[in-house]
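Got some structures for you, see below.
Across the two complexes that follow, chain A remains constant while its partner is chain B and subsequently chain C.
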Partner chain A sequence: MQVLRLEKKRLNHFLNVVKKGFELIAPVKSDLVRFSKIHHAEEIQLTKNSYFPVKEYFFRKEETLFQFEGTRITVPAYEAKKRVFFGIRRCDLNAIKNQDIVFIRDMGDPYYKAARENSYLLGYHCNTAPSPYCFCGSLDLVDFFDLMFFDKEDHFLVEVGSEKGKSLTEKYQEFFTDSQRLITRNEKTIPGVHRLENKDISRFYDHQDWKKGADICLSCGACTTLCPTCYCFEIHDEVKTADPVKGERKREWSSCQLQEFTRVAGDHIFRKEREDRFKHRIYHQLQYFKEKYGVQMCVGCGRCIEGCPTRIDFVRILNEMKNGKTENNG
Partner chain B sequence: MKTDKNKKLKVGVYGITGCSGCQLSIIFNEEEILDLLSLIDLKAFPFIKELNIDEEFDCIILEGLVANKGDLEILRKLRRNSKMLVSLGACACTGCVPAYRHFTLKENYEHLLYKKQEELQDVEPSPHDEHVKVDYYIPGCPPDKKEILRFIKGSVRGVLPRPHQNPVCIECRRNGNACLLDEGKPCLGPITTGGCNAVCINGGFECWGCRGPTKDMNLDLMIKMLRDRGFDDRFIQDRMRTFVGLKLPMLERVMQGPKSKVLQTRFDGEKKFYE
Partner chain C sequence: MAKQKTTVENPYVPKPYKILEFHRETSDSFTVKADMKINHDPGQFVQVGLPGVGECPISICSDSREFIQLNIREVGNVTTALSKLEQGDTILIRGPYGKGYPMRYLKGNSLLIIGGGCGVAPLKGIIDYAENHRGDYKKLSLLLGYRSPDDILFQRELVEWKNKYHLQVTVDKNTHGKFCYGAREGFVTDALKSMDISNNNQAAFVCGPPIMMKFVIKSLKDKGFNDDQIFLSTERLMYCALGVCCHCMIKGKFTCVDGPVFRYDEIKDLEDG
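For the complex of A and B:
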């Protein structure tokens, strides 16, 4: 793919110009780093990855699916705000790709689709792993972006990844020059200390070490909320006080770590034990999703470890299973 | 849903010993209160209504806990007169702060009591369900005003809303808050039932557990985490008992058990000691 060059000192200028035509979303540091609407390009910080994933802009925390009056249904207009996202890391871009598989390819979800179609994904490539917990190098991540910014001392190399990305570089062509080179495979690997040694976990289902994680699990759902790929939700109705026949059906983020999540009619709970729920999350990430869609769902961002109040390191737990160690060796 | 007046749900709102804040929470639904009044037949609400008809009810919403013999009589009478009894607020559901008396010695509070305490004929402070059958709980100190509304709308339609079971953390993380446990604060969110939209943590204040423990809580781990953060056992016990002591009868046993000491967790933050 074509690779362009953007001088570093012109980045803010470029983004400020982009901001005039689009809503610009990028990581900002407040108490934590989070993706927010940008007012001045100077606010953007790129040293740490966002604590919260970017998924909330596509798969929203709460979405009104439709309004109803008795049995008559009105579907709300889908949001069509044109947005440019800047500073999404390779892991998070792959996470968007995985959510696309679920919401667009598999379910044809119009709410998600509308938000995705109106967005431009501008990535920022990590030169080194931004967190001690991330392990994206162990997973098979692919190129998925409209534009990818590679940080090189005084300039950025900007790889064009799609027609959408190309149209954007043409629109703002005064900022870019041709770099006369390509990005090597080596430049796309991200060195990090944390590694998931064992990706095929099918033979470990009955392993006793799962308990190590489950014992220090609060079932608070931080892992799934912070995960850029987790997409489970629950649906409920909200009726109007003036006329309870009218109301809205809403979709809300939920979590497989909750007992309530698998409660069904007749009050049966499928995954009552904490260990089953913990295991289910890891198996969904590393095995079930792959069986269904051909890729692993986990992208190795490490948020579920960093954001966990007790820092359950499922990567270490799995690695130790591989090495055959079963005792807790601190 | 326009039904004629005779068929409307006959509702009564009463309070026994409590601060009346829970009853206020109903009225705080300012935008919808008029719609609400047309939806139900509000027979009695002595807190805001002059004319209160004391008869057979479909639904009694009762605030406050039993703290004296008079309370007990009222509670029993309302229970007899109503098809459904709803405990409103932390006092009614779990005993809240008044029930903390169970966990302290009499000499610690005796001098603070009103002089004519014999007249009050006090009984051990206790939530409703220690005396009568309760059909539905709306917990919280104060309860979430929208949850009350949702309950009333649900009971009019004959479909009661599913009680919240998820921990506060679910809503807290969804709201994009930083985890207060990571900051070294003694937040009880992970073991506390949500439904409050994590209102305290949104404001930077840790959860004290007013909505009661979740069925699925990992109490051993919660205690271990607070110990790791530098809080002593006395503090942990006091904090956990402030709102829901009566619903945590296992607390002392768990604190002395081996599990709450040996679990391996990681906390990189600064240890803070609270007074």
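For the complex of A and C:
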């Protein structure tokens, strides 16, 4: 793929110009680092990965599926804001790729599709692991971006990954020069992110060490909320209190870590125990998704570990299973 | 009718249908006949709902291109709201969804249908289908278990079924000695055990509470049935019915798209509570 060069001192100028044609979303440090709408490119910070994943811009926390008045249904127009996202890491780009499989290729979700089609994904390559919990190197991540920015001291090498990306570089061609080179495999490798040794967990389902995580799990659902790939949701109706005939059917993020997630009529709960729910999350990430779609869902960002109030490090638990260490120090 | 501002097909949007008939089956269950004209297999389900209340998955218990019948038990918000409806009212439905019973591949077989409680509902779809394709199947045997005579479903159909097929109704306890279609006291597994039946050219269909299904499968295995001769219909919580929301996962399988009907050998290793 074509590789262009952008001088570092011109990055903010470039982004400020982009901002005139698109809504620009990038990581900003407020209380935590999160993807936000950018008013001035100077607000962007690239030292840490965002605490919250960027998924909420495509698979929104809450989505109105339709409005109703009695049994008369009106479907709202799907939002189509043109957005440029800057500063998405390799893990999160792969997470978007995995959610594309579910919401676009498999199911054809019109809300997700509209948001994705109108977005440009500009990645930022990690020269070093932004968090001690990163393990993206253990997973089979691929190149997935419109443009990827490689940080090279005084300049960026910008790899073009798609026609969309190419169109952006053409639109803003005054900022780019041809780099006359390619990005090497070595430059795409992130050092120190190969923590997960145990990727095939199929024979560990009945292993006693799952308790190491399950016993200290609070079933709070922080892991699934912070996960860039987790996509489960529930659907409910909201009516206007003043006029209960009118209302909306909404889709909202849910979590397989909550007990009521598998509750059926008559109050039977299929995954009543924390251990079953903990295992279900890890197996969905590393095995079930792969069985269905041919690729592991987990992208190794480590947010579920960093954001866990009791710091359940499932990577360490899995490694210890593989290595036969069973002392209870979880 | 639905007014859409865009032309993109929206899989979440149901359509309104009229209730052609509302029939109370027992004190806590009823059967709704709706004017939904669709092609479907027995064992498939639809998402049924009311605006402002929500949706729930209900299996289709009829076999017709002109209407669908839904047997519904009042156990949650949506089903309780549905129980208050009458003939002529409108309900919202989308579907059909899921994989039903593979009836076309079972031609030439006898059908052994074993249901417990409201698990009889999806099985009635098979009975109706077999009746509409009578030449394709040999003998039909129905073993239907209920808690008490007051819980017996499809009493309108039972007399006909008794005349046409081998029918055995069981009740856990016949509290008031009421006539119930020759019902015997005991569990449906007892009736199965005492039945003279082999697995020869026979397919078994089981639906009911998890504990009942477990014991019925064991009895069928004792009778010589192979895993691939047994079909189960499973119940899980569903929101989307499109294979996405993840609530209905049984390990890696989605009940809403891979099921709700599974051949036993496909899911016997998947029990996760």
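Please note the rule applied: the second predicted complex is superposed on the first by the 325 of 330 C-alpha atoms of A that agree within 3 Å, B and C clash if a C-alpha of one lies under 4 Å from a C-alpha of the other, contacts with A are read in each partner's own complex, and residues count from 1 in each chain.
Rule of thumb we're sticking to: a contact is a pair of C-beta atoms (placed from the backbone, for glycine too) under 8 Å apart; a residue touches a chain by one contact, two chains touch by 3 or more.
Please read these numbers as outputs of a predicted model, since none were measured by experiment.
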item	value
Clash or fit, chain B versus chain C on superposed chain A	fit
Partner chain in contact with A:Gly307 - chain B first, chain C second, else both or neither	first
Which of chain B and chain C A:Asp151 touches, first, second, both or neither	neither
Partner chain(s) touched by A:Thr241 [first = chain B, second = chain C, both, neither]	first
First (chain B), second (chain C), both or neither touched by A:Phe270	second
Touch count on chain A, higher of chain B and chain C	C
Chain B versus chain C as contact partner of A:Val75, first or second or both or neither	second
Which superposed partner A:Gly221 touches (first chain B, second chain C, both, neither)	first
Where the C-alpha centre of chain A sits as vertex, the angle toward chain B and chain C in the overlay (nearest 10 degrees)	70
Contacts of A:Phe52 with chain B and chain C, given as first, second, both or neither	first
Which of chain B and chain C A:Asp109 touches, first, second, both or neither	second
Which superposed partner A:Leu32 touches (first chain B, second chain C, both, neither)	first
Minimum Cα separation, chain C to chain B, after superposition on A (Å)	5
Chain C-contacting residues of chain A that also contact chain B	239, 244-245, 254, 263
Complex contacts: residues of chain C adjacent to chain A	2-6, 8-14, 16, 51-56, 73, 75-76, 79, 90-92, 210, 235-237, 239-240, 242-247, 249-252, 272-273
Chain B-touching residues of chain A, taken from the complex the two chains share	31-32, 34, 51-52, 61, 212, 215-222, 225-226, 238-245, 253-255, 258-260, 263, 274, 307, 309-311, 328, 330
Residues of chain A touching chain C in the complex	65-66, 68, 70-78, 102-103, 106-110, 113, 231-237, 239, 244-245, 247, 249, 251, 254, 256, 261-266, 268, 270-273, 276, 280, 283-284, 287-288, 291-292
Sites on chain B touched by chain A in the complex	1, 32, 35-36, 38-39, 149-150, 153, 156-157, 165-167, 169-170, 173-174, 176, 178-179, 181-182, 189-191, 215-218, 221-222, 225, 263-267
